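Listed below are the structures to be examined.
Next come two complexes built around chain A: one with chain B, the other with chain C.
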Partner chain A sequence: MAGANGRLVKELKEVSKNDTSGVRAAPVSEGNLRHLLATVEGPSGTVYEGGIFEINVEIGKQYPFEPPKMKFLTKIWHPNISSQTGAICLDILKDQWSPALTIKTALLSLQALMCSPEPGDPQDAEVAKMYLSNREEFDRTARFWTESFAKPTSKDEAVQRVCEMGFDEASARKALEKHKWDESAAVNELLGAI
Partner chain B sequence: MTQDNNVASSSDSGNNFAESFRLSEERMKEIEDETKQSPLTSMLKPLTELEQQYREGPFLAGVAALQKLYGGIRMVRGDGNCYYRAFLFALAETLCQDTKHPEGQRILTFLKEVSWKHVKEVGYNEMTIEMFYEEAVSLIERVISGSVDAEALLKELNEENSTSDYCTWYLRVVTATHLKMDPQRFEPFIEQPGMYVAQFCRREVEPMGKECEQLQVLALAEAFGVKVRIEYLDGHEIVAGDVIHHVFGPENSALQIYLLYRPGHYDILYPKKSSV
Partner chain C sequence: MSMSDENEYYAYSSDEDDNDVFMSQNDDDEDDDTSLDPDEKEAMALENPNAAPVQSSFYTAAVPSSPTTATIRMMKTSELWPTLQQRCDEVTEMLGVSQATAMALLQSYQFSKERLMESYTNDDPETIWKRAGVYHRCSGNQNPEASAADMCPICMEDASPTSPLKAMPCGHAFCGDCWTDFAVNLVQHEGRASSTCPHAGCPEVVTQDEIQPALEQSHPNLWNKYQQFQLKAFVEANTLTRWCPGPGCERIAWAPTASAMDAAIGLAHCDHCDTRFCMMCGHNEPHRPVPCRSLQVWHDKCRDESETANWILANTKECPSCVTRIEKNNGCNHMTCQKCRHEFCWICMGDWREHDANTGGYYKCNKYDASQEGGSSDTDAARRQLNRYLHYYKRYHAHEEGQKFALKQLRETEQRMIQWQELSSSKVTAKWSDVEFLKVANELLVECRRVLKYTYVYAYYAFEHEPANSLTRDRFEYHQEMLEKFTEHLSELSEKPLEQMNRTDVVNQTRVVDRFLQNILKYVEDGMEEAA
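Coming up: the complex of A and B.
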């Protein structure tokens, strides 16, 4: 139906605005409104504070009758998000979705999930187990992951450090991205290529 | 230990969880595909169709009792939206068959003026509801102006991912809005303990595919001012030769629709002339 695309255009206009909500999304490439890159700011007062988390958003043909497909691209230590794949366990992204919700409300729900994890309904069993049995270690790990993977400056600094070893910025960034910002793996690859 | 078991036990606990989740998702998809093979709203069938489904017992006696009053039935797809979809079809068909129906204009006015105003009042985001609202208004406008005949209506309301789904979901919004307009009245009837109207609507009314309880049945009938008579073929005893029925919405409404309830499902009934 014609209306569905019109709604998507309006939604994108709303969610790409720079407001105080801490969530944003925009098309990955021009001309494709159905593949978005979203960012969610880690809520203050949580172990994710200060982090910017990137989320891949895909809008299917049945949208808004089906939920947007969302997955964390930035590594995050959270009971309801897979530490391996970024897959999210959240009811409104599954059977509790309704067309009354939007991409923006879904992102805000993710932010709320970061504030209040639900270890009883985990996506990542290992993280949930740690959350329940050793909260201190969980907090420490989650903060470390936020520092390592979700700080916008940490990526630039990593590129900088690799460049200082004598590689140009473009190849350094490419290798780091390929190895999910694991510096030694990236450097090994760059060295192997020489 | 077989090789399969070895594989399963060597994977981490998260993988086992993911595996069982994936399987249940696959099964759900299968059920969904099976359901999709039946039409959204079937052709009109003789009520004797029901006899073939029940060999004996109270259900068969119930079918016999129903046959005194009703001649036809239209099956609605069992996808959890059946009450709303049955309501939509029966309402549109009634107005379509009699374009001079005195209630046609009232229904259109209700949709265009009252329902939209209330939807916004209870806090829905206009942007999210607009296209569903427009589809519902367009359908009723076309039906009462006579630009859609019964045959075209049946065809249109059987198109997948189209008018029927859009209007059905708007009926969910109208239902939720009616509940939200008067939470104090409806809260005591919510079966889930401690749940507020807003929460109830978010979990049980707004998502497509959520089956409805009597609360939603009542709310939609009241919102539209349509008398909904439901015959209950649910294995209960026959009382004085009839199956139990309940009426929702205003008793004196000039617009009446008839539904058949079987556990977890609604279909549309067609009364014999002046029998009900």
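Coming up: the complex of A and C.
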């Protein structure tokens, strides 16, 4: 689209600012404005509070006449987000997208979705079922996932624990990142490499 | 409607006359000749004024053409466009709204002017406007928060005297370049004409009033395509219009009234691609006597059962006597094994002698006999159901193959007639008119195979719960049996080499078969209530 790049530059300037919105995005690599890494802070008062959630953002050729493609990289326990793949079910990322919306408004909508899940239109049936039938267990699981996967400190602690098993910090971090911070998978790989 | 369907209907051909349809609308006659393929032209040129009258009369009786299909017309898109325009004009006049508004209103009432007008007399106009997405367009109220914008929310550039913002009736405004990008994306990438305001969550619809200035000058081909999409919505919503299902064909069948459609039993014939089809369901050939709904269910069932059915069909192509594998390469179901000379019926694999009229009960083969299958467990019931389906499916399939073969033969006969004509000279003229009777026989065979095929679909559903001794079913099967028997016979006669063919036999047999064809159709369509 003509002028789409000009708009993208403006959008990125706006969304990379360190403001109080709790959402941010920046290009993964310099020179490619169409592949971004975004972060959303877990809204306070929710089971996601204190977590920083990473989201992969891809901007297609027809943007802004087609929605940006977004996917959670950080594992999250939420009825409208796949606990396996991070795929998101949100109307404005699908048919309710409008060219007058922006990457920032989309990220803010994600934050709003974290505040108020819509179990009637689930992406992850198992999570939605738990949300509706056993709210306590849902809250406990979601908090546990936030603690385990979305806390910056939790990552350092995980690296620490893997190091204690006799691996150096660099390879411990690398293996953990590769396995999305699944400790046993990372340790298995490190053991296999010996 | 799914994307794949759209592609099927809207595969844009390079058909030169259809591309600029909306620019010149008075080219009605120009391709009436070019629409015929060379074969058809030749065939027409060959028409023999001295042909025996008996041939032409039974031929016209076999194919319900002139009186019925005459009321259903095939149109080019350019011919139907004025109909849509006129309907918009009428709404414009009656309601005092713009053309664009009229189009949006009609669209939300499946293009039925009557239903729109009825709604206007019963409902609150604001409710109607909101439902059709023309509330702001009709009421003149703008969104107060929208009017003060000085930046285009799509490209995020400030408005300037050289690039002013252009607002929708709702007040949401965008710059000219972004309107063009929006319209290009809508038509080219999303492949549709309908959309709501580019502002998030605004229900006001975008109409030709916004699209035309955005596309007409810069992308005339896409502006054309936009109008095609409008017409497409009209054709698909309208029960009296249907796209020709012929591959790549863009003609539209049009019936003036519902009663005209009924009178033609929904049969349409496309003069552009020579496809005959059912206007009511779009099936690509006439399917009397099966109703559209049953045919749909049948096709779904065949898709589900195709594995089982194919296995059975593939495994029954052996001579029942010597187990030599036999290729069925003609349309006749009377098989003779080349190896052991055993004669048998392709459909039931039974001895052909038991199919003889003289041995009492010729074609027992068309009757499904449930009594032979006992057992009352669920498995037995399931097996019975499958066997019942296979009984009908095998016969349906056999006639479908027979239809293909008859069609191939028809093409060969036509080819032969053309060759003879090309040899010209008076003495061969006698020869090709001699073979006209064969063409007529072949045409009728195609028709009979097709109808027989659908009689099995019909019977599968019509007699599902009929008791074994049902009189209606007996009568139906009697008619079916007669048609089948004489079709087989005609098939056999007409498959002989030309030198061995008995012209009088074929002509007589053709007439008889046509009678049986009309009989079964009439029997079903009269509600199966005739006297024996």
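We take it that the second predicted complex is superposed on the first by the 192 of 194 C-alpha atoms of A that agree within 3 Å, B and C clash if a C-alpha of one lies under 4 Å from a C-alpha of the other, contacts with A are read in each partner's own complex, and residues count from 1 in each chain.
Convention: a residue touches a chain if its C-beta (ideal position, glycine included) is under 8 Å from a C-beta of that chain, and two chains touch if they have at least 3 such contacts.
If you're wondering where the values come from, they're calculated on a predicted model, not measured in any experiment.
> Chain A superposed: clash or fit between chain B and chain C?
Here the two partners, once superposed via chain A, clash with each other.
> Per the contact definition in the header, classify A:125: touching chain B only (first), chain C only (second), both, or neither.
So A:125 only meets chain B here.
> Thinking of the overlay built on chain A, is A:149 touched by chain B (first), by chain C (second), by both, or by neither?
neither
> Classify the contacts of A:48 with the two partner chains as first (chain B alone), second (chain C alone), both, or neither.
neither
> Name the contact category of A:63: first (chain B only), second (chain C only), both, or neither.
Neither partner.
> Based on the superposed arrangement, let me know which partner A:95 touches: chain B (first), chain C (second), both, or neither?
Touch status of A:95: first partner only.
> Count the residues of chain A touched by chain B and by chain C, then name the partner with the higher count.
So, of the two partners, B touches more residues of chain A.
> Could you list which residues of chain A make contact with chain B in one structure and with chain C in the other?
1, 3, 6-7, 10-11, 62, 64-65, 96-101
> Looking at the complex, which residues from chain A come into contact with chain B?
1, 3-4, 6-7, 10-11, 14, 62, 64-65, 82, 84, 95-102, 122, 124-126
> Show which residues of chain A lie in contact with chain C when the two form their complex.
Result: residues 1-3, 6-7, 10-11, 62, 64-66, 92, 96-101, 105 of chain A touch chain C.
> Which part of chain C faces chain A closely enough to touch in the complex?
Going through chain C, the ones touching chain A are 153-157, 172, 174, 177-178, 181-182, 185-186, 189, 198-202.
> For chain B, which residues count as touching chain A in their complex?
Its residues touching chain A are 12-14, 17, 124-125, 127-132, 134-135, 161-162, 165-166, 169, 173, 202-203, 206-209.
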